[in-house]
Amino acid sequence: MSAMQSFSIFSKAIANNRLSQYIIMKGTHFTVIAFTLLAFAYSLASAFDLSALQDFCVAIKDIKNGGLNKPGNTSNLVGSNVTTVNVDQIPGLNTLGISLARVDYAPYGLNPPHTHPRGTEILVVIKGTLYVGFVTSNPDNRLFTKILNPGDVFVFPIGLIHFQFNIGKTEAVAFAGLSSQNAGVITIANAVFGSNPPINPDVLTKAFQLDKNVVQYLQPRF
Amino acid sequence: MSAMQSFSIFSKAIANNRLSQYIIMKGTHFTVIAFTLLAFAYSLASAFDLSALQDFCVAIKDIKNGGLNKPGNTSNLVGSNVTTVNVDQIPGLNTLGISLARVDYAPYGLNPPHTHPRGTEILVVIKGTLYVGFVTSNPDNRLFTKILNPGDVFVFPIGLIHFQFNIGKTEAVAFAGLSSQNAGVITIANAVFGSNPPINPDVLTKAFQLDKNVVQYLQPRF
Amino acid sequence: MSAMQSFSIFSKAIANNRLSQYIIMKGTHFTVIAFTLLAFAYSLASAFDLSALQDFCVAIKDIKNGGLNKPGNTSNLVGSNVTTVNVDQIPGLNTLGISLARVDYAPYGLNPPHTHPRGTEILVVIKGTLYVGFVTSNPDNRLFTKILNPGDVFVFPIGLIHFQFNIGKTEAVAFAGLSSQNAGVITIANAVFGSNPPINPDVLTKAFQLDKNVVQYLQPRF
Amino acid sequence: MSAMQSFSIFSKAIANNRLSQYIIMKGTHFTVIAFTLLAFAYSLASAFDLSALQDFCVAIKDIKNGGLNKPGNTSNLVGSNVTTVNVDQIPGLNTLGISLARVDYAPYGLNPPHTHPRGTEILVVIKGTLYVGFVTSNPDNRLFTKILNPGDVFVFPIGLIHFQFNIGKTEAVAFAGLSSQNAGVITIANAVFGSNPPINPDVLTKAFQLDKNVVQYLQPRF
Amino acid sequence: MSAMQSFSIFSKAIANNRLSQYIIMKGTHFTVIAFTLLAFAYSLASAFDLSALQDFCVAIKDIKNGGLNKPGNTSNLVGSNVTTVNVDQIPGLNTLGISLARVDYAPYGLNPPHTHPRGTEILVVIKGTLYVGFVTSNPDNRLFTKILNPGDVFVFPIGLIHFQFNIGKTEAVAFAGLSSQNAGVITIANAVFGSNPPINPDVLTKAFQLDKNVVQYLQPRF
Amino acid sequence: MSAMQSFSIFSKAIANNRLSQYIIMKGTHFTVIAFTLLAFAYSLASAFDLSALQDFCVAIKDIKNGGLNKPGNTSNLVGSNVTTVNVDQIPGLNTLGISLARVDYAPYGLNPPHTHPRGTEILVVIKGTLYVGFVTSNPDNRLFTKILNPGDVFVFPIGLIHFQFNIGKTEAVAFAGLSSQNAGVITIANAVFGSNPPINPDVLTKAFQLDKNVVQYLQPRF
């Protein structure tokens, strides 16, 4: 089968949403081609044509059942837990630019300062009371904070450092929508003091104006 | 905080220094100019530079309090209610590409077939049991459905016709994230039979293969 | 050959537009890699770099000949026919964000209410007289209509329900440009009443306030 | 009226598509505000939220009547004429990413080598016979050509130099869709030899390896 | 002058790049409208039409002279200085998605850990020897480092925490291109410990596992 | 291994940045799949989710060493040389939308009129004196020029014809950032007179109003 033939077969398969069945019908090697052309099909959308090229890719039926009704395990140093439902759990989210998360907080639990390099977060509190905030970029480094009760909504703009702190005596629960199928998370303390391998302590000592011993004490802890 | 004050916070990130001086030179009714330049600033992001040009626009603190903890009023013909938190409620969502909604369903309540022309929806069930589905585009018009229980998550791809039906004897509640600050809603029955002014009945009779009397009976009802 | 080697070979092939020949030179298995890297190349454009990464992909020469000079067959229930020239007919359209269609209308023929989930349509009438319209989204569901004669141009915004109706005694012909290489079509009646499998009649009865018998009479007809 | 107040009023006006009436209701000065916030609304779409923020902007009804049924005047040096219907003729095209053109060719008329910096062109021949072509970028500068008859379709990828030449004894007519509401045109000869003020002849002499007299003879002619 | 009239006048002004002169020709009030419609024009590009709508906005001639040939002042705590040429210095960069920076480093000077929320950085060393690195997101927090000599090039992907450290006895100089007209800078230490107002010390103590006294000692220093 | 299995394995590999190692661990054939799914992953970003889906793709460490510290060879007809560092030299630039170039100019050397179909250029002069310019699109074809000395910065907007001419007695050097990982170059003289195969001389004679002998003399020279 020539390149053009295989392309046209698959482009049709893609065009009429029968690709996933097609994949199932064929063996591993064809799978490769199938994914290839799926990728091809999506990549077509990437340059000047920003709309998706089909209704969705891979089997949308393949969704997660349950998961977000159970509290996450918050018995850790910061006392919080994030359960994410993104494209890894729902391949059908591919190209659709959104994901969802449930955040659980132990009493006085903290979702520590972090950024989402690829998404804005909109959070709604279901239970408990949260002190939340984010910091703007240089030169202002302005801190915006608010205390949220059940039903309150807050927005954390893309790329900005933000946190949520449970200031109540009871567990807290929130749901968050993120404007990417895989928004990413950079926990500041872990990236700065817990990178693998560690950042040269001279860099951190100078940057954070910390005693070198403090830096060397912190690095193994993250 | 006055309009000028809140504006000047953002004018720092606006491209042209002379523009901001221009604002300072002028007085009160400068809201107009302020918005003009805010628009200018954002519009700069629109062509080849897709990243926002500042951390966010308009006062992000200005968020909605409460709202999503109270059930919406479902005493209507379809027995469902959608409470949306989008850019109209949170100006801070401007440019950030996400919004949130709470959907309440009376027993056997229906969120009728509709499309979001500007966003994909990811829905999580908090309470009750929903029969949900969406239909793919021509030529397949394939129907994908699922029964969702609390904690289940489902995705409705952008532009596709979809619905949620409460098949339980009790109220149901769901939260949904949408991949746009204003995803829009086109309720099929209302757009087709309830447009203002009405669509020529000959068009609907031919399109839906309905008796003209049925069309003329339906049109006043939407 | 290592991954890096195969990548660099193909990235060059891609970079200098010799990929299609390259594909032809190689057998099926290389085709796989070729498409893979082609997809890879395009996908590179997809994140922050929205410009295409090469002049075009696959053989642009491979265009459709003829087709749009012959009337389409309008002997069907609605009396219209759409002949599309999109990326399935012209692989060279890949990533270029545009396609073309010819629409033929029998006397009193209708292009029934539909949406293009991935494109705006600009239509020019070549022959005949068309009554055209579209409906805006909730809450207004405003209907905009116009009667078009040869040379008249009209725009149907992305995602909105629209139609064209030939109100003349003679055939009508129009050409349409669409702002996507594959804009998609959702014919409302077919998606709602003709989905496969059918939507639960209780949903449609409630949504369209139709007698259940009418729904059950309609469903087999689409 | 404070900034926030005026914003919310207009954001509602925008959100429910009543803005154009609003403009009509108000005088020039409010027009300013209206446009300001309209711009604001659109600019909101520009960063991370690429979907439009409403169904369309400005009065979509305000479309061009006629125009594309009349031949353009081809009595000029190259013997061709382009009649464009873009956002200048149809404000309703705003943000919708597409435009249309009619091209008329006298016998042996030429639409000379040019680029569209902001759009791909898809052309369909209605009448006559055209020799068309485009050239790829460095290092290949590959020329792709084809002879097109009525009903034939061809694609000119964004940014590439292309031309159409009427090789028949009769007038020719084509319609073209462009993937931008304002694709732009750079006619190579006019930009290089006819710029205002002229490019330093030493630059053109060296670049085109032409005798300086030839350059100085050409410059006044464009 | 009605809204439509003013729009068409200005859209022409915009379309043929005479807007800046036009603004100069007109008085204050027109300036308002001019900017309004400029914003309008750009905002048009923001939804589905991602190409710019004109060649550039505001006077492109208005560029910075000099600046990048003089060393920046590095006599500060970290011993480095960044001179940026972005849209604030060159309004002509508006919408064009790129900016430039010169970085000077004293001997052992550090450009401390920071992120660019809106751009990727490509850096070339002109003089001296730099130890550079960046850290990937959770869960790996992988550190990638390299020692760069004159002529070496390195890439810092958008949103990731990165730094450059002059490990030589002499000044170092680098130039950097950024993939945004205003990439933004979040210096981690300043955002976390130097925000205004300060973040609640309990949050930082828990997040960084620091003694509260250390946090309270650090906060006033940034 | 089924399609779904291979997908999930690789999507994880992609999600946690272990893909490059994965590639190294596996042989050529897996490489194919790896690239396939890498492409898949990126292509996912292409439709509605414009943020990258991971921190970067392929091994970012794999950067170019040196290169930009050595002058390029300017002994050619125009007396200039461009050394580009783009995605072909640094695979880690994939999807990141930026590249870098060094331009060397012999005394009176010319970087002849050209366009970058996929990027805006920001240029900084390191050494020498350059006369630079660009021409706007129809109908104005306005020429903007400036004489640049070391440290001066200039911008060439995407798609516009531009040039740099060394007007000094000594070599000149400049660095340029481009807003694409592969901006492309169309040298006007080479595309128009040097295409392969040549453009029909009748087209060029008519377009450039040149004597046919001049055209036929020029064509072999490019």
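Every chain is named by a letter (A, B, C, D, E and F) in the order it is written, and numbering of its residues begins at 1.
One rule holds for everything that comes next: a residue touches a chain if its C-beta (ideal position, glycine included) is under 8 Å from a C-beta of that chain, and two chains touch if they have at least 3 such contacts.
Quick caveat: nothing in here was measured; it's all calculated off a predicted structure.
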item: Turn needed to bring chain C onto chain E - CA fit, degrees, nearest 5; value: 180
item: Identity of the chain that, by mean CA position, is farthest from chain F; value: B
item: Same or different residue numbers at the chain E/chain F copy interface, by half rule; value: same
item: Inter-chain centre distance, chain C versus chain D - centres from mean C-alpha coordinates, in Å; value: 22
item: CA centroid of chain D to CA centroid of chain E, Å; value: 32
item: Multi-chain contact sites of chain B, meaning residues that touch two or more partners; value: 32, 36, 39-40, 42-46, 48-53, 55, 96-98, 117-120, 137, 140, 142, 158-160, 179, 184
item: Contact footprint of chain D on chain F as seen in their complex; value: 48, 50-51, 77-78, 110, 112-113, 115, 117-118, 131, 133, 135, 137-138, 140-143, 158-161, 163, 165, 184-200, 202-204, 206-210, 214, 218, 221-222
item: Touching residues (chain side chain B, partner chain A) in the complex; value: 9, 12, 52, 55-56, 60-61, 63-70, 85, 89-90, 92-93, 96-100, 102, 119-122, 124, 126, 136-137, 139-140, 142, 144, 146, 149-155, 157-160, 175, 177-179
